[in-house]
Amino acid sequence: MGELIVNTSGGAPIPLTAYLIVSLIMFFAGIYGFFTRKNLILILISIELILNSVDINFAAFNRYLFPDRMEGLFYALFVIAISACETAVAIAIVINVYRKFGNTEVDNIQQMKN
Amino acid sequence: MLEQIIFSILAIAIALFSVLAVTSKRIIRSAIYLLFVLLATAGLFLMLNYHFLFAVQVTVYAGGIMVLFIMAIFLTHKPGKIVERRTNLKIISSILLSGGGLILCGYIILRNVTRVYNYLKINEINMQDIGRAMMGTEKYQFLLPFEAISLLLLACIIGAIMIARKEKNIETNDNKDLDHK
Amino acid sequence: MNFLIIFILIPVIMLLSLFAARNRKQILAIMVTGSIALVAASVYLVIRYVTENDTTTGTMLFTSTHMWYKPLNIGFSLGVDGVSVAMLCLSSVIVLTGTFISWNIQPLTKEFFLWFCLLSLGVFGFFITTDLFTLFMFYEVALIPMYLLIGIWGSGKKEYSAMKLTLMLMGASSLLLVGILGIYFSAGAVSMNILDIANIHIPLDKQLFFFTLTFIGFGVLGALFPFHTWSPDGHASAPTAVSMLHAGVLMKLGGYGCFRVSIYLMPEAAEILAPLFLVLTATGVFYGALSAIHQRDLKYINAYSSVSHCNLVLFAILMLTRTAMTGAVLQMLSHGLMTALFFALIGTIYQRTHTRMINEMGGLMKVMPFLGVAFVIAGLASLGLPGLSGFVSEMTIFIGAFENADIFRRVLTIIAISSIVITAVYILRMVGKFLYGPIQNEQHAALTDAVWYEKLAVVILIAGIAYIGMFPLGLSDMLNESLSLIK
Amino acid sequence: MDMDYTLLILLLPLCSFLFIGLSGTKLKPAVAGIVGTLSLTAVTLLSYYTAYDYFSSQNISGVWQTLTPYNFTWLHVGEKLHIDLGILLDPISVLMLVVISTVSLMVHIYSMGYMKGEKGFQRYYAFLSLFTFSMLGLVLATNIFQMYIFWELVGVSSYLLIGFYYTKPAAVAASKKAFIVTRFADFFFLIGILVLSYFTQTFDFEALLIGDGSILSGAMGSTFIGASALTWAMALIFIGAAGKSAMFPLHIWLPDAMEGPTPVSALIHAATMVVAGVYLVARMFPIYIGFTPEVLQGIAYGGAFTAMFAAVIAIVQTDIKRVLAFSTISQIGFMMVALGVSTSMQLAEHEHGGLGYMASMFHLFTHAMFKSLLFLGAGSIIHAVHSNEMADMGGLRKYMPITHITFLIACLAIAGIPPFSGFVSKDEIMTAAYGFGTGMGIWMTITAGLTAFYMFRLYYRIFWNKEYEVHGGHLPHESPRSMTIPLMFLALLTLVGGFIPFGKFVTADHTQYTIHLDTTIAIISVVVALAAIGLATILYRKENDQPARLAGRMQGLYKAAYHRFYIDEVYQFITKKIIFNGISRPFAWFDRHVIDGAINGLGWITTRTSEAVKGFQSGSVQWYAWVFLFATLLITFLTILFTH
């Protein structure tokens, strides 16, 4: 686990573990949604949950482990940006699928033809 | 003490709404629950003293992306429609798997993470620092990823437009195909 | 340049010129010339072998090695002893007669002969090489064309049979590959050449394992009971020439391989595991013969008969005495000629009657005396009439098997001997049903006897059978000397 | 010492076989016949000359020498063992030479007339030559394996000749049966040879038979299930002999073999091939008598039973060839008995020691002559009336005088009436049998009486009894010259054969000894024979209902004997029901369904598995993700599990 960093602050009000647990719950909720949902939009929502939980981790790790740097912050930023892109494209696709099949079920597009 | 209370509220909100977001039967509710989760996350960022991140989260996520979602839902769904569900087998297996994952990862976290953090009370990171870090080309500066992201963003915008654009001819053909079926 | 390479060169040249051939005449000319050249080459080989062979040591002659894959020490090693010389002669004779028998093959004549040539290339390569991997490679070369030859030019449920045959033999060759690599590595990985490995003592525990693998691997091709089921279906569906080559030569690859690889390289394991496989092979001898009694299709009868005879080959090899092994090789030759003759005759008769069911035919002796007489001769050879090859080989095997003094082997030998009675039963039943008696089908009365090319093929084969049967001394001694390597 | 011309005796028939066989139908039928007959004539003359040469020159101080003019190695099998082909001359092989060539020549000549116009005439002569060659090779064998080789060849030529009328299903079935039954016996013969040769490391007769028997000590020493290996070997070899010689219960092929042309029956199934078994036992006699007398005793009992058994069946058969066939079986039984009863006597004493052996060989000789005469006579009759059934005959003496007279001579000979040859040889057998034990003697006397009875029943039913009724539009007439000359020649031999001083030539220990008749036994035999003939005369000379009444009174026995005691049915049951349906069919089924089914099942499982696995690659990303996560978690879990 690398070198052991001593907790010098004399006790943070909220432990890092708490953040991680929160993000973990969010992450697996997203995973669950990704597995069980049939609707493309709902799958997207699940993915957003997953991404968001990662953001929390980035920020929390940055804050707790390397407070004098900003990588976590920036990666969280980038993730947000990328998720925005992804959502835009995905929703475009969803709308297209909707036009083709009349609904947004993921089962329709199992086969990448027609 | 106050911080802990706020954190607890936020944490409970996140946990609750994420689960609701993925289990709700109505799609619009899922979206709204997602919005709550995103906002709560923003709250967490605030607690971590990342104000800029908080702002981005609220504007881009809760503002931009959610609007996109809601628009898409309105475009493709009748309001109040109940979404179809997977078969029980799939749901159960997914519950087991994600539950198992949760337990496993939780175990790892609880076992390993407690001893290694270091929390420093620092002031709010001011915008100049962020701007410099983002626009600089030196060590710990992020111009290149920033530019890459912006290019990506551009590509996505164009792509989204291309995909969502209506192509008259093809569409009619496809509709015919559908009719046949 | 090793002179043995000619056995690979001729088929290759035949292949190339077949590509260029325009019409049937040219194709046949190429095939006949090529196969006569092969026969000539094997005759020349016999002469050179006999003159140069040192009868006391019985070592391999004309050896040479040309490394072609250094990391695994795979070499193109050549070399022959009496056994391979005999097998080469057999193969060339069968290729020649097979060509005559498939004189009128339709459709896709050119393609048929192309694959046929490739098949014989594999067979010849197999017999002249002494490198484990090259041996295996040629074995595969011989197997693959089989699928197409049966699948395209076969009859009956040919796709099923071709698939079954290929899959079973492929499965066997996977065992074989493991076995070969195992031998190579457990021998210390210095050379893939059999002659070199033979000087190295392989640890016994490894011998036991790899003996089983290679013996079963080759045994499947040699119709080892209970892995023989590809044989009846495969033979029944295959076109005549392919049946001939397959039963006549390809199945001998199994016996030859068992003896050249399994027994030669791992004699101790052979000693230990022989009882197990002896039980299987003795069962196979008895069982194949009994199953043949009940068949109605001529090809099935002969296929089961082949199972019985080929198991006898393996049985004799496992007896691990020189006499029995000589008998095994004689049996390979004898069975090769005999079964090729059978299939040739069945094929020519089938071409005329369009049925192979013995109960739908009868009295054909009157209609086609030449084929009938030839069939009776083949039958008599099969049931071991003195003066024909079957007797010589069977007797050598039985006497050789009896050299082992233990009751277990004796009892198995007696079981194997009992097959001569059963063989008589099914051969005579078959001959009696479809050649003798009154003519069953009126349409058959108008059929014609064999034409010249069929007659030629049949006569060549009968001559071979009679030669071995009447003057076995030279051949048997040649084989016996070569087998001094083994024991 | 030379006598190397004997090689020609083997080569001539072989060449004529190859010549006639290979030229096939290109040869004119008559030419084929003449070629065959000429070569056989040469062989016969050579055989006679050999006999003359041998018996005039090869006697050194009263002991007949054993010669091997030729012997070359045919095949090496093992370190010491080798199979030779060669020629061995000693009294019995020379005797057999004469018998075979004489009968064969007669049959060749006879067939010129009998088979005239038959389709496949050339083939017939080719087969005859092949048979003669094989038979001669058998008797001249220098070693037991050569004997086995020619033994098999004889079997095949017999198969080919029985099945000569191959379009007749009955003939095909009979030939098949003959071959398979004898093959079955040969199986034991072969095992016997293997056992014997394993211990002695030689096949050679000279090495085996001449000497003090030290070579057999290995076989004597090792035992298997209570008997020595030698006993086993000799018993197994005898089974082979019993198969060829149609001993009970392996006799079933012989009556059926009568489906072949009649001259063939005369040659193979009366005079030569069927006595091969007797010859074999005689050949191995020194071992039998010296080391395994128990087997020889068994042979005696087997022979005695067969003799009586076949005689009883012969009484009620109505097919004349079958009567003769059973008569043959019975007579071979006599020969076997004669060999078998030698056990009770010391070999050293000439008075008895060689008696059984000599009697057997003598009877073999005389029987060959009169039995082939009977068969050829029967052939002549069948030729005339076109039927084998007694019911279609009767009163033929007027139409066929030569056949009648010769047939009568043969009947008298087989019945044992002096001075015909059969009387002398049979009397020697009787003497030997009484020497063995009174029970055996009486048993054989009764059998001899039965023989006289059924032969005269046959004789009267053919030539006397009722008047001939014309069936086919023409009256029967005497056969052509080519057929009657052999009859007369054989009749002559039958008349004088008994006067040959046989003991001078053929004895067990190759020394000479003089035959003398035991008057008491001779008188008993003749009286019994005459009584039996008298009974037959009463019953069958004129057509009457007495035989039928007699049959009615002993209905059970009559029916059983008529159906040959149902032995064929038993075999039929064993082969058809048990072996064919009970064993072979399940085997075939097992192969198709279990073994092949296992292979196909393997294929089916593979297909099924791939069907099932195919679902994994559904194209559903969610499913892929599920598997991905599952695997990741699993690996993580395992890592944790094993690192802590």
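A few notes on this one:
So that you can tell them apart, the chains are marked A, B, C and D in the order they are listed, and the count of residues begins at 1 in each.
Definition applied: a contact is a pair of C-beta atoms (placed from the backbone, for glycine too) under 8 Å apart; a residue touches a chain by one contact, two chains touch by 3 or more.
Worth saying up front: this structure is predicted, and the values here are computed from it rather than measured.
Under the touch definition stated at the top, chain B and chain D share these contacting partners: A.
Of all chain pairs, the one linked by the largest number of contacting C-beta pairs is A-B.
Rounded to whole angstrom units, the spacing between the C-alpha centres of chain B and chain C is 72. For the pair chain A and chain D, the distance between mean C-alpha positions equals 99 Å.
Centre-to-centre separation of chain C and chain D, using mean CA positions: 37 Å.
If you average the CA atoms of chain A and of chain C, the two centres end up 68 Å from each other. Residues of chain A in contact with at least two other chains: 31, 35. Listed for chain B are residues 93-94, 97, 101, each touching two or more other chains.
Every residue of chain A that touches chain B in the complex is listed here, in rising order: 1-2, 4-9, 12-22, 24-26, 28-33, 35-39, 41-42, 44-46, 48-49, 52, 55-56, 59-60, 63-65, 67-71, 73-74, 76-78, 80-89, 91-96, 98-105, 114. Interface residues of chain B facing chain D in the complex, by the touch rule stated above, are 93-94, 97, 100-101, 104, 107-108.
Across the complex, chain A is touched by residues 618-622, 625-626, 629 of chain D.
Residues 31, 34-35, 43, 106-107, 110-112 of chain A are the ones touching chain D in the complex. Residue ranges of chain D in contact with chain C, taken from their complex: 24-25, 73-78, 81, 83, 145, 148-150, 152-153, 156, 159, 163, 166-169, 172-173, 175-176, 179-180, 183-184, 186-187, 190-191, 194-195, 197-198, 224, 580, 583-585, 587-588, 591, 595-596, 598-600, 603.
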